[in-house]
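Which chain is which? They are A, B and C, in the order written, and residues in each are numbered from 1.
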Amino acid sequence: MPMWTIYVPENAYTRQDLQDIANVITDLYEKYVKIPRFYVSVVFHEQPTGALFMGGVPAVDFVRIWIDHVVRNLDDDTTTLWLGIIDTALAPFIRDRGFNYEIHGDETPLPFWAINGMTPPPHGSEEEKRWKADNRPSALTEA
Amino acid sequence: MPMWTIYVPENAYTRQDLQDIANVITDLYEKYVKIPRFYVSVVFHEQPTGALFMGGVPAVDFVRIWIDHVVRNLDDDTTTLWLGIIDTALAPFIRDRGFNYEIHGDETPLPFWAINGMTPPPHGSEEEKRWKADNRPSALTEA
Amino acid sequence: MPMWTIYVPENAYTRQDLQDIANVITDLYEKYVKIPRFYVSVVFHEQPTGALFMGGVPAVDFVRIWIDHVVRNLDDDTTTLWLGIIDTALAPFIRDRGFNYEIHGDETPLPFWAINGMTPPPHGSEEEKRWKADNRPSALTEA
């Protein structure tokens, strides 16, 4: 976690754009949330015309982002702040190119999460710091 | 919001069918929920045989719908009523063609939602009415 | 319900693998949760390189699983147990092949669920037993 699912019109972005967007998103979590980079999943769906609609109209200049976060009990102000940070970071790829975009996010239960069969260590723990430094999961030694 | 993700078997529907389904869904929200049409996103995934399973069997006559709504605190009776309205509206495309279908929906936190970098105006507000009349977002002047 | 959305790298699995994975998942719910097999939806997205990222890196050996369950009020211990059962069952397809994988799940409201236009019968009811035995939905006679 987090997992980003991003719907874009086919041919709106190059491969390099998608790589750059994935990097920007991953950088945000590393910088602000201090989680291991490998926690961040980004999926792109490049939708052919007629497979993505906004308001009943086939979308050609529309990016639709769906974020799933494990619950962190973000308060509303922090959520708004976070959306603003995202907005600024992605502007070169979305707003500055004249695209419309919509983002919504959900929060999912912490216990219902596993990486390589392990319950990820508590946020801020020594175990998590090791995973972060290594940028890969490894056997957990704490209970 | 709302966002509909619809899985259909490849070749089950024409492009026109998908357009018609997107229109029907968008019309429902405009008519019953009184939100701007452009709030409604519909994504279709046309799954090749062997990429969509119902009960472990490759689905050829199965439509799987996943709806995400921003929380409106729908009570259970309203949810049931809404599912009935959806069912009737989509019958010409699903039930009447002999397809099986399953729908589930989730409700996601209102603060975790943005359109073109803006927090959408409160439901029923003058700002929302303007967005609805224009069928596009515009700068917000209220706090 | 449940609905599993599984992102895999393109060419990581054969058609038969996907069929086998769908069967394993469906078997787990039949065996442990005692629900009708046809309740279980599994969607595979075979992502081309550069359309699935883990930690900003195009994923070639990464499987990302997203599970939606209708709310059953699973306690944390049961959730952990369930993730362990899943992990063991899928190991031949994921861990034993050297893939990294991440799973997260969400729980969605029970009233916001319908199959073929019907509210599925209560868990453990006679109606559900009939649906399970028939492995298909049929008209409900109870209130």
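The rule is simple: a contact is a pair of C-beta atoms (placed from the backbone, for glycine too) under 8 Å apart; a residue touches a chain by one contact, two chains touch by 3 or more.
Please read these numbers as outputs of a predicted model, since none were measured by experiment.
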| item | value |
| --- | --- |
| Partner chains shared by subunit A and subunit B (touch criterion as defined above) | C |
| Fitting subunit B to subunit C on CA atoms, where both chains share a sequence, rotation angle to nearest 5 degrees | 120 |
| Whole-Å gap separating subunit A and subunit C, where each centre is the average of the chain's CA atoms | 22 |
| Distance from subunit C to subunit B - Cα centre to Cα centre, in angstrom | 22 |
| Multi-partner residues of subunit C (at least 2 other chains) | 45, 106 |
| Residues on subunit A engaged by subunit B in the complex (per definition of touch) | 7, 45, 47, 50-56, 58, 64, 66-67, 74, 76, 79-80, 83-84, 87, 91, 95, 100-107 |
| List of subunit C residues in touch with subunit B within their complex | 1, 3, 15, 18-19, 22-23, 25-27, 36-46, 68, 70, 106, 108-109, 111-117, 119, 135, 137 |
